[in-house]
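Okay, so subunit A shows up in both of these, paired with subunit B first and subunit C after.
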Partner chain A sequence: MNSSDSTAAGRPHEREGTMNRFVLRLGLVAAACVIAAFVPGLLPNLFYVHIANLTLISGIFALSLWIIYSVGQLSLSHAAFAGIGAYASALLTLRLGIPPIFSLVIAGLLTATVAALLGSVILRLRGVYFVLVTFLVGQMFTLVALNWQDVTNGANGLISISPITVLGLNFGPRPMFFYFAFGMFMATLLFTWALTRSTFGRAFNSIEQNIDLAEICGIDTARYQVVAFTIGSGIAGVGGALIAHYIRYISPDTFTFHNSVAYITMLVVGGRSLFWGAVVGAAFLTPLPEFLRDFEGLQRIIYGAIMILVLRILPGGLISIPDKLARLGGRK
Partner chain B sequence: MTVLLALEGVTKRFGGLMALKDINFTISEGEIIGLIGPNGAGKTTCFNVISGTLPPSDGKISFCGKTIVGLRSNRIIRMGLSRTYQATSVFPKSTVLENVVRGAFSRSEDTFLGSMLGTRASKAAQARERDRCMAILEQVGIQHVYNDLAGELPYGYQRRLGVAIALAGSPKVIMMDEPAAGLNPEESKAMGQLIREIHSSGNVSVLIVEHDMKLVMGICHRIIVLDHGEQIAAGTPEEVRNNPHVIEAYLGTEVVG
Partner chain C sequence: MRMKLLTLSVSTIALATAANADTMTVGLVAPLSGGGAAWGTAMKGALELAVKDINGAGGLEVGGTTYNIEIAAYDSHYNPNDAVTAVNRLIYEDQVAFIVGPLGSAPLAALVPVTTENKKITITGGFTPIAVAPEHPYSFRAVLPTQIYAAPQINYVVEKLGARKVGSLFPNDETGQTMSNDIASAYEAAGADASAVDYYERDRVDFVPLLTRLLAQGIDTFELDGSPPQTAGLLVRQLRELGFEGNIVRTGGDATNDILAVARPDASEGLYVHMEYDGSLPSAQEYQQRYVDAYGGTMNAFSPLFYTTINMIFEAMQAAGTTEDSDAIVAEMAKMSDFEGPAGKANWMGQEIWGTARQQYIPYAIGVVNGGVPQVIATCSLDKCE
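Entry: the complex of A and B
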């Protein structure tokens, strides 16, 4: 065997562990795909399929916001970037007749470019200052979308945006769109996971934990923050474009400050420490209001109470439940 | 001996306050230089100006013959001029070994795409990096806690980890800001021993700011003394110890009846 086996204690176990973990991950992805294949057929009606679709798109937004959060920055302009992607993709199909499957990609790249330009200016700020500036970016988007009549059609929004079709397959109907959204969601999930273990992920996490030390480790903290912001916002742009081609109608109201806050809430409730906290948060919070619909009038109060409870009992988010249970068990 | 770091007429103003005034000194290959002075003398400011955290108001700083004024810290560090902080500075939520690996970030052979796809080449590069970093941990004497979270280490170990992180970048010059601050006399002595070992084993030049005179006098080849931002003395420990300006700065003037 090579020399590296003898150095640190426990190294051979680690290697065996990575192999098992790889098989486990592959199994999880396969299981998710198999389950997903049956989901549209098993759900009682189209309304539930619609909720499932929205949940998947929320998952994409929350994951992409997590990428930005992983350099320690909280963006309140996430919905704005989703909006830029949505308007770009919708206009490309409506005005230029570009097929949605291509306009989706172009919209993502365009949004990423805008984010890169903006990010290189505003990412000098940290903490509340960054949050405030991104809030203003969100407001600016809303104002532009409302007032640039010729392009955005103002408050009336854009209607009859064509659905996504690939090789003759029409992903317009809800059960069909589910498969497309699921594919996009899984792609985002796997990309985010791969990103966290890459050299970029190491740089991002170093910046989040201790930006001054990261800089003297030779990490170009300014550049990597822009990279994270660009990737995250670019994915949000694709997510926004997905909404445009799914709902087939967008307006300035589709991508407001409240949406940005909702994505942050997903991160916090799901758990910010690991990327799949974003997924858990999206899966928990997107359908929640719908299930509370029976309690008419009390709906929002119960929603708020659940949020407070989660944050009070689980400051680490829902993904900290196993740890919390283990600690409770240990105390006995 | 080739000159590695050279400061020429370096000045730093904060508004009307002269934090550094016309500082001139050089560090050559294989030297240990001490930077001392009373509190507020400008020692840490001097470090920050050299490492690119603060821009100098005036003067020239060159490293290995290239001017480094205006470069960002990460660039200067990648050229081989590393530093540690006065307070403990680690990545608290990562393991000790991971901390050191991050210190070697800029010299890692791992690539973005390789690490993203988890290729064999990337894994091999990471394994080599870990082995090298384990050796550094061994050098600073904390290899037995390599798998603990850095934030949970005792204070003395965190200081050593800070040195290990700086060493991981394979620096030519390492600047240490009060490496013995907050350490007891025994730990302080061990830190002095460690600095000497680093210097002798890796042919690394060291610039240290330190208040522990026993440590400074014991390990430094040359000492530079600052007071109110001015360089009031420079020379061997013996010369500095007997310099009247230095005694005045530390003890005040003697009033003779």
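Entry: the complex of A and C
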């Protein structure tokens, strides 16, 4: 049997395997949706629904940051792009009366445009230089938000931002917002998954692994990096807009350098190697301070200690737990 | 046997529920760490002392039920995001009767939609007009904002010190910008030049570059405004280290003890400070002694102000005969006047300014630090200090 025969024989198997994996993933998504439908009713009270909502939004931020990380860049301006989206959506709603559901989309596109323009310049830098420039972008956002008072209302922030309504359905109350945030989170998750499996995803991965080699192989690394930065920042803009319409108040304090660091921490603690590490990181770190809130004064110390412990024991992040356990069990 | 166990379990749950019905939780959300901690801990101390008084007297009797009071206190870190999460927990998880806090304008603006929606009374220290806006009928303010006392106090100080050019540094946030407008316009109206202004981030500790720039503009007076207590102390120390020999004035929330602790008394000598109330009152000194005995160290003057408003709410609950109907409690609070507290008689004001009367007013004073102790040199009304 020649090689072409064996390839032909292998194809039905491969197709079957691919189909099985697809069905399994579809089943997982369907199961997640079914479980989510009951979550607001199962949680003890609205405080937990609020935490679930914040966790979903954090998941969107962490996933979008992972997209940028997947081309080997670490952005410290992620909160700034979330802020641009938040201010854009809030202002479109407050000043022009555009319904929040449309302003969310416009905010995402606007943020992506800003990121594309900025990215085409700053993505020529690599490593620590890129990180430093994104830090400055974050600081510039804060200064503009503070000092462009006619538009942003300065440090006073924007109040009374409308909640999201779709076809008369009000997503302002916490349980209703949960469903909206869950939908947005799932859309981001599925998009990120599809992206990783696309030509773009494979190019992103090769750039992250070895940018010089990727370039030699003919991959337009500059273009792909701008694309990843644009997509990631655009999604962050939508996430920021979600916060604006959920909390219904934003100020420059809502999107600071500390928030950008928090998103990076989610990636690191969850695990950077796979996109769902970002989800695990967000799900672990967003509610954690609330569990520690009773330890008044020690809250930040315990939080820090847990982080150090996780990173010391699991340098690959929380998603490496199964591998670690398997190794401990002697199966690897 | 199984039936007996079930009956026992149900009885235990019923007893536990009955016991909970007689417990009322009061929430606190304030900065308990970081730059504003001096104010936050003073608020917490006020709540703890008020609760200790009531529980010590057998509880709060409202509508035939006696309530033992518990406290749920969370750190806002002076941050709007943290304050919103904390207040969600206080309302939905702890089911508090009312909330002491938040401090700071941005945290207040962020959480007031949630407290209004849930009809929770808040006692805030935020200087933003949102704190007493008509659309937030459950929000009360215990501390006078600079908008009220800036003009009378600055008029007095400018006349007394002959200040011509005033320099000031404000926190770069909503509170700082609100104060900046109030204070700068008051100095201008009093005939002083207050154009030497700069802003700083709240976590900053090295002010030498900013102060050097201000000193180069030839200022003869430095305004500490409402900078957080420890920050104000650092500003005084660094100003004196840079050789500034002019007057230093504090037209902002009480920070005198922290300034003295951080800058040391010799650097603070002659400092003009805003006093939230007349500290020479025997009731004020008695409260301060009680606070120091309980917590050690020094007391921030916000404490007796919050202690007064907290007691007004407890008394209003008794008068309304309910701990849950916030509208009835607010209506009873509105009727109160000349309420005796450790800082003096408290009344509501603000109808002409904000269209509501939910601002607590206690006559305030101006003091000068003399030998490491602030001495009252003028007592003030809404119009003037003398």
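FYI, the second predicted complex is superposed on the first by the 317 of 332 C-alpha atoms of A that agree within 3 Å, B and C clash if a C-alpha of one lies under 4 Å from a C-alpha of the other, contacts with A are read in each partner's own complex, and residues count from 1 in each chain.
What we mean here is this: a contact is a pair of C-beta atoms (placed from the backbone, for glycine too) under 8 Å apart; a residue touches a chain by one contact, two chains touch by 3 or more.
Please read all numbers here as calculations on a predicted model, not as lab measurements.
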If we overlay the two complexes on their shared chain A, which of subunit B and subunit C does A:N205 touch? Say first, second, both or neither.
first
Just to be sure I read the superposition right, which of the two partners does A:L76 touch: subunit B = first, subunit C = second, or both, or neither?
neither
Check your understanding: When the two structures are overlaid on chain A, which partner does A:A145 contact: first (subunit B), second (subunit C), both, or neither?
Key -> neither
> Touch check for A:D220: first (subunit B), second (subunit C), both, or neither?
Replying inline: first
Is A:E290 touching anything from subunit B or subunit C once the two structures are fitted on A? First, second, both or neither. second
- Query: Does subunit B (first) or subunit C (second) touch A:L92, or do both, or does neither?
  - Reply: neither
Given the complex, residues on subunit A that touch subunit C span 44-48, 50-51, 54, 146, 154-157, 159-160, 247-249, 251-254, 290, 293, 296-297, 299-300
Subunit A partner, complex, touching residues on subunit C are 32-33, 73-75, 79-81, 84-86, 88-89, 91-93, 105-106, 109-110, 113, 128, 130, 172-178
So, in the complex, the side of subunit B touching subunit A is made of residues 51, 72-75, 77-78, 82-83, 85, 89-94, 101-108, 110-112, 115-118, 127-128, 130-131, 134, 146-147, 165-166, 168-169
Given the complex, residues on subunit A that touch subunit B span 3-4, 7-8, 10, 194-195, 197-200, 202-203, 205-206, 209-210, 212-222
